[in-house]
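Presented sequentially are two complexes of chain A, the first with chain B as partner and the second with chain C.
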Partner chain A sequence: MCAVTLTVLSVLVFWATDILPGDAVGAVSGPDATDAEREAVRLALGLDRPPLERYLDWGGGVLHGDLGTSMVSGTDVTDIVGARLEASFAVILPAAGLLLVLAGGLGTWAGLRAGSRLDRALSGTTLGLIGTPDFLIATGLLLVFTLWWPVLPAVAIVPLGQSLWQQPELIVLPAAALALGGFGSTMRLLRACVVQSAASPYAEFARLNGVRGARYVWTVVSNAAGPAVHAFTIMLAGLLGGGVVVETLFNVPGLGYELTRAVGTRDVPLIQAISLLLGGATLLVLLAGDVLVRLLDRRHPREGQP
Partner chain B sequence: MSGLRRWVFALPVGAVVTVAVIGPWLAPGSITAPVGRPFEPGGTAHLLGTDVLGRDVLARVLAGGRTLVLQAIAATLLGSLAGLSVGIGTARTCHRRTAAAGQRAVDAFAAVPAVLVLLLAASGSAGSDVVVAVAITAVSIPFSVRIIHERTSRLITTDYVCDARARGESGWAVIRYDLLPGIAPVALAEGGIRFVAATQLAATAGFLGLGAGAPTANWGRMVRENSTGLNANPLPVIVPAVLLVVLAVGMSALLDRLAVERAGGLEQTGQLA
Partner chain C sequence: MMATRSRRRGTGVAAALAVSLVLGACGGESEAGAEQGADATGGTLRAAFAGGASETLNYLQGPTGLDYVRAKLVHAPLCELDASAEAGVSYGVLKSIDVSDDLSEYTLSVRDGVKFTDGSALTSKDVLYSLRAPQLLKGLPFTQLVARGFDLEKATAPDASTVVLPTLSPIADGRDLICQSMLAIKDGTTEFTPQTPSSGPFTITAFEAGRSTTLRRNETYYGQAPSLDSIELVSIPDGTARVNALRQGQVDYISGLTPAQAQTLEGVDGTAVSTGELPYASYLQFTMSPAAQPFDDVRVREAFRLAVNRERIRENVYYGHAFIGNDVPGLGFPNYDTSLEQRAYDPRRARELLAEAGAAGIEVELTAGPELAGMVETATLVVEDLQAIGVKAKLRELAAGELYADFGAYAKLPFKAGYTPPATFEPNWTPGAFPDVDALVQTARSATSAEERLSASHQAQQLLWKEGSQLGVMFVPNISAAVEGVSGIRELQFPDLAQATVSQ
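Showing the complex of A and B:
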C-alpha cells in the first residue's frame, strides 16, 4: 500500500516539475536566449523525449539511489541532499522533543483538569497559536530574541567544516519556532485524548477504587496512548512541512531551505529529489504511527474500540 | 454564545476582509514608486512610514491583502464544493471498492505537506497567483472530502433517509431535502476551518515569494521584505502581521465558539491545516 502511495507521489512530483509549462529550459538558457539556443538546451537536457520515458528514466535512477545532477551547481543531487539532511535533523529532532515534553505535559495537565482556569487559559493560547501562520510565529521569535532581547543569533551561519550540532545556540530559535508552530494543534488533540480517557468507565473505576496521584495519572495516560501516538505522528509529519518555512527564515542550511532555493532557481532535479524525500518521509512517519497504534491496541484490548 | 461575544470576534474579521478587498481602491499614491528613504518611521507625511525600498507602507498595506483574501475565498469555495460532491458521492455509492480506493487516494494526498504542494505548483509555473490559489484548493480538498464523507455516511443510515428512499424519491431529492440540511452545519464549520488554513497558506506563499512577482504588495511578503529594518521602522512588518493574525485567529475563535456550542471543540470537525 505504501509503495503504491509512494509511486503516486513520485508521479505527482515529476508531473508538477517537469510537464507543467515553464520548464527548466527557460531557467537554464536565460531570458534573452534565442529560439535556436533554447532548442539546443532542450536537446542537451533530453527534454525532447516523451514524458513517460523521462519519468521511467528518473524513477529507475531514484530506485538505484541516483537522483541526478543539479542543473545549477552541476554537483550530484545525492551529495547535496545528504549534506542538507543533517541540518534538518538538527532542527527537527529538538523541536519534536520539545513538543513531546511541552504538549504532552500541558495536554495531560489540562485534560485532567478540564474546565479549570488553567485549561481555559491554555485553550485560548493554543487557539491563537493555531490561527497564527508558522512564519509569523518564527518572525515574532526573531523579533523578540534578536532585537529586543538580543541573546541569540538571528541567522544560523555554520562555520565551515562544522556541523549544526556543534552550535547549539544556532538551533534554539528555529527549533523553538517549529515547536511553537505545532504546539497548538498537538496540545489540543492530546488534551482531547486525555479528557476522553478520564471520562472512560476504566478511569472512573480507578477513581472509585481510590487510585490517586501519579498512579491515577498513569492509568489515564496509558489508556490514552493509542490516540496520543496518532496525534504525535500527525505532529511529526507537520514538522517536516513547517521545517521548510522555518529553515528558510533562519537560513538553516537544511532540506527546506535548499528546496525554496531550488524552486527559485528552477533546479528541477533538486526540487524533485527533495520533494520526493519530504513527501516520502511524511508518508513513512504516518505509516509508522498507524503500525504503532495497532500494536498498542493489541497490547491493551479494550471494549468498544472501533 | 451570546450575540455580543459573537460580534467581538466577527467584527475584526469582517473589518480585515473589508480592508483587504476594497483597500487597493483606497491606496494613496503609487505602491511601487519610492517616496522617501528606506525605513523612515511613521509620521504625518506617510502615516506608517516607508519600507525597505522607501515605498509608502500605508499604500502597500491597503493594496496587499486583496490577492491573499481572494485566493483564500476562492480556494475555500472551490474546495468545499469539491469536498461536498466527492464526499456525498463516495458515501452514496454502492461500489464499496471504488469508495474505499477513493478514500485511500484522498488519505495519501492529505499526507503530503501543504507547503510542499505550494512549492511544487510554483516551480511548475512561477509567479502566478492563480496557481497558488489552485494549489491551496488542492490541499484543502482531501480534508473536506473526509469530513463530508463521514457526515454523509452517518446521515444516510438514518430512518428518514431510508424512508425517503423507500418512498422512491429520486437521488437528487434525497440529497436536496434529506441530506443537505444535515450536512450544511458541518460543511459550514468545515469551510471556516479551511478558510483559516487557506489564509495561512496564501500568506505563507507570499512570504516564500511564490505567486505574483516582486513589486506587487502582499502582506505575507511584506513581513519578509521588511524584517531587516525592524529597528528603524517596525510598522511594515507589524501591521501586515497583525492584520493576518486578526483574520486567522478571529476566524478560528469564532469557529471554536460555534463548534463548542454545537458539538464540543474544533477536534470534532477536524484539524487545522
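Showing the complex of A and C:
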C-alpha cells in the first residue's frame, strides 16, 4: 500500500514540476546565455527527451537505489538529501520530545482541571501562540537568547567533520522555535481529548469506584490517547517538511528549505527525491501512530477494569 | 535606540524586527582587536556567503557566487578585467596577450615559474586546456565567453609558453572575453576535489557543500604571498542569518547584503559596510520590447524613461548604495560614453510625449521578480511613477527564480525587469532589434584603429540613449560588511579575499 501511495505521489510531483513554467535550463543558464548555449544546457540535462521517458528513467534508477544527480550542481542527490535529512532530524527530534513533554503534560493537566485558572491561562497562551507566525516566535527567541541574555549562538555554524548532533547549543533555539510553533494546537487538542474522556461515563464509573491519583489520570489519558496520538503524529509529520522559516533563520537548512530551493531552480531529481522522502517519512510516522493507538487500545480494558 | 531606528525606517513589522535584531545584537565584542594596519599578518578569516547545498568545487558548473569566490582563491586567473590597467586587463598566469594587426589572431604568453601544487610547471598546454575546459566539461554559459569569440578547435600551443588563438571573426575586445572569468587548471583535469592540482594563492584542506570550506595558504604561489594563514568560507543562505552571525562574532566578513541590511549595519560600532565600486555593479534595467505595442513608438519609450525618478529609487530602495543608470549598459567600463547627458526626471515632458504618441492612459504590465537586490522594490516605484503620468501601469511580481526559469516566455514579455552582471557593452550586445546599433557594435569590435572603435562604440551608445528599449535605472553593486580589523578584500564582480588581512 505504501509503495502504491509513493508511486502515485512521485507521478503527481513529476507532473506538477513538469507543468510549472520553465525548467532548470533557465535557472542554470542565467540571463546572459545565448540561445545556442541554452540549447546545449538543455541537451546536457536531458530535458529534450519526452517527460514519460525521463520519468521512467528516473523511476528505474530509484528502484536500484540511485536518486540521480542534481540538475543545478551535478552533485549526487543522495548526498544532498542525506545531509539535509540529518539537519532536519537533529532539530525535529528534540523539538518533538519537547513538544511531547510540554503539550502532553500541560494538556493533561489543563484537561483534568478544565475551567480552572490554570486552564484559562493556558488557553490564552496557546491561542496567542497559534496566532503567532513561526518567524515571529523564532525572532523572539533570537532576541531573548542571543541579545538580551546572550547565551546561545544566533546561527548554526557546524565545524567541518562534525555533525549538528555534536553541537547541542546550536540545536536549542531552532528546536525550541519548532516546538513552540507546534505547541499551541497540539496542547489544545490533547486538552480537549482529556476533557472529553474525563466527562465520559466510563471515567465517572472509575471515579465512583474510588480510582484516584495517578491511576485515575492514566485511566483518563489512555482513554483519550487515541485522538491525541493522531494529533501528535500529524504535527510531527508537518514538522518534517514544514520548518522552512526556522531552518532559514537559524541556518539549519533541512529538507523543507531544500525543497523550496529546488522548486525555485526546477531541479526535478532533487524535488522528486525530497518529496518521496517526506511522503515516505510521513506515512511511517502516521503508521507508527496507528500502531501505538492500537497498542493503547488493547491495554486499556485491562487497565481500566476496577 | 532600536525602537526609534526601526520606527524611522518604517518598513513594516518584519523589517522592523530584523532591524531591531541586528541593531540590538551590537554587543561590545567587536571592539576588541581594534588595531588595524598593513603589518597585520597571519590569522584566519571567516567569511560567510549565501552558498547552499548545490555548491561544488567544479567552478565551471558552480551555480552559486561562492563557488567562484572559492575557485578564484584556489585556481590562479589567466588574467583579470582591471579598468585601471593598460588595455583594461591585469595578468595572472599569462604575462601578455598580443593581438595581430588584422585582429584575427591572439597570442597568449605564459608567465615563467608558475607551478601547480603537485610540483609540475604550468605550461601553454594547461592554458589551452583551461580555455577549452568550459566546453569539454559542459560549463555554465557564463564560462563559455571565450568560445563566443574564438575558434578553440583551431587554437594551438606551438611551444611551452605560447598559445595561439584564432578568432571566429576579427575582434578587438578578445582580451575582455579571455579575462572575464577564466581560471588556470591543469591539462586533463576532469574532476574537482580538494586534491586537484591548482596554482592559486590558497589550497583546500576540507570542503563540505552547503556547510563550509577551509583553505590554507599555498606556499608555492607565484604571485604576491597572501597574508592570511587560512580562510574559512561558511555557507549561510539567509541574509538575516548572515547579518546575525557577523553581529555575534561568529564570522568576520559577510557578502551579499540587501541595501536595508547595509543601512542597518552602517554606523554601528565594530563593523564596516563596503559597497562595490564601478564597474563592478549589475545593470538593473526594464526592457520595453520595440516589437510590441505601445513600445514600437519611440516617443512612448522616451516618455517612460523620463517619467522615472531615479534619485528617489537610489535613496528609498538602495539607501544610496547604488549608481544611477543612464539607459545604457557598461557604466564604469573604459568604453562607456561619459559624455552622455544624464536622463532628466521630467514627468511633464513624459505626459506630452505620451499625448503626442496617442498613448495617454495606456495599460501596461511590468513583470519583475526578486532576482537582484531591490529589483521588485524598484519596479514598484517605476510603476508608481508611470501611474503619475497617467499610464495605467501595474506590477506582476513573480516568485524567486521564476523570472528567468522559462526564458522563451520571458523573452516575449513586452515590459519586463532584468539584470546583467558587470560586463562591457559591445561583446554582450544582443543583435536583432536595432540594425544601426548592430552595425556600429560590429565596427566597435572589429575596426583596426582604436579611435575608430571607440567612436563607433560611443555612437552606438548615443543611439541607444536616444531610441533604445532599455529603461536602465540603476547599477547595483555587491554590498558586504566586516568586523573591525578586516581589510584588503577587493570587491570585484565577486569578492576577492586573496589579499585580505585580519588583525590579531
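Note that in this section the second predicted complex is superposed on the first by the 270 of 306 C-alpha atoms of A that agree within 3 Å, B and C clash if a C-alpha of one lies under 4 Å from a C-alpha of the other, contacts with A are read in each partner's own complex, and residues count from 1 in each chain.
FYI, a residue touches a chain if its C-beta (ideal position, glycine included) is under 8 Å from a C-beta of that chain, and two chains touch if they have at least 3 such contacts.
As the structure is a computational prediction, the values presented were derived from the model and not from experiment.
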When chain B and chain C are modelled together on chain A, clash or fit: clash
Contacts of A:E204 with chain B and chain C, given as first, second, both or neither: neither
Which of chain B and chain C A:R84 touches, first, second, both or neither: second
Touching partner for A:P150 - first (chain B), second (chain C), both, neither: second
Touching partner for A:R261 - first (chain B), second (chain C), both, neither: second
Which superposed partner A:D297 touches (first chain B, second chain C, both, neither): neither
Touching partner for A:P253 - first (chain B), second (chain C), both, neither: second
Partner chain(s) touched by A:V41 [first = chain B, second = chain C, both, neither]: second
First (chain B), second (chain C), both or neither touched by A:L142: both
Contacts of A:E169 with chain B and chain C, given as first, second, both or neither: neither
Part of chain B, among the options 3-11, 21-29, 57-65 or 165-173, whose backbone runs into chain C after overlay: 57-65
Chain A positions touched by chain B in one structure and by chain C in the second: 20-22, 135-136, 139, 142-143, 147, 248-249, 263-264, 266
Chain C partner contacts - residues on chain A that touch it in the complex: 20-23, 25-34, 37-38, 40-41, 44, 70, 72-75, 79-80, 83-84, 135-136, 139, 142-143, 146-148, 150, 153-155, 157-158, 160-161, 248-251, 253, 257-258, 261, 263-267
Complex contact set, residues of chain B against chain A: 104-105, 108, 111-116, 119-126, 196, 199-200, 203-204, 207-210, 220, 223-224, 227, 230-231, 234, 237, 241, 244-245, 248-253, 256, 265-267, 271-273
Of chain C, residues touching chain A in the complex: 14, 17-18, 20-21, 24-25, 27, 52-56, 58, 61-63, 138, 140-142, 144, 148, 206-212, 214, 234, 236-238, 240-242, 244-245, 247-248, 250-251, 371, 399-402, 404-407, 409-410, 418-421, 423, 428
Complex contact set, residues of chain A against chain B: 1, 5, 8-9, 12-13, 16-17, 19-22, 127-128, 130-136, 139-140, 142-143, 147, 185, 188-189, 192, 234, 237-238, 240-242, 244-245, 248-249, 256, 259-260, 262-264, 266, 268, 271, 275, 278-279, 282-283, 286
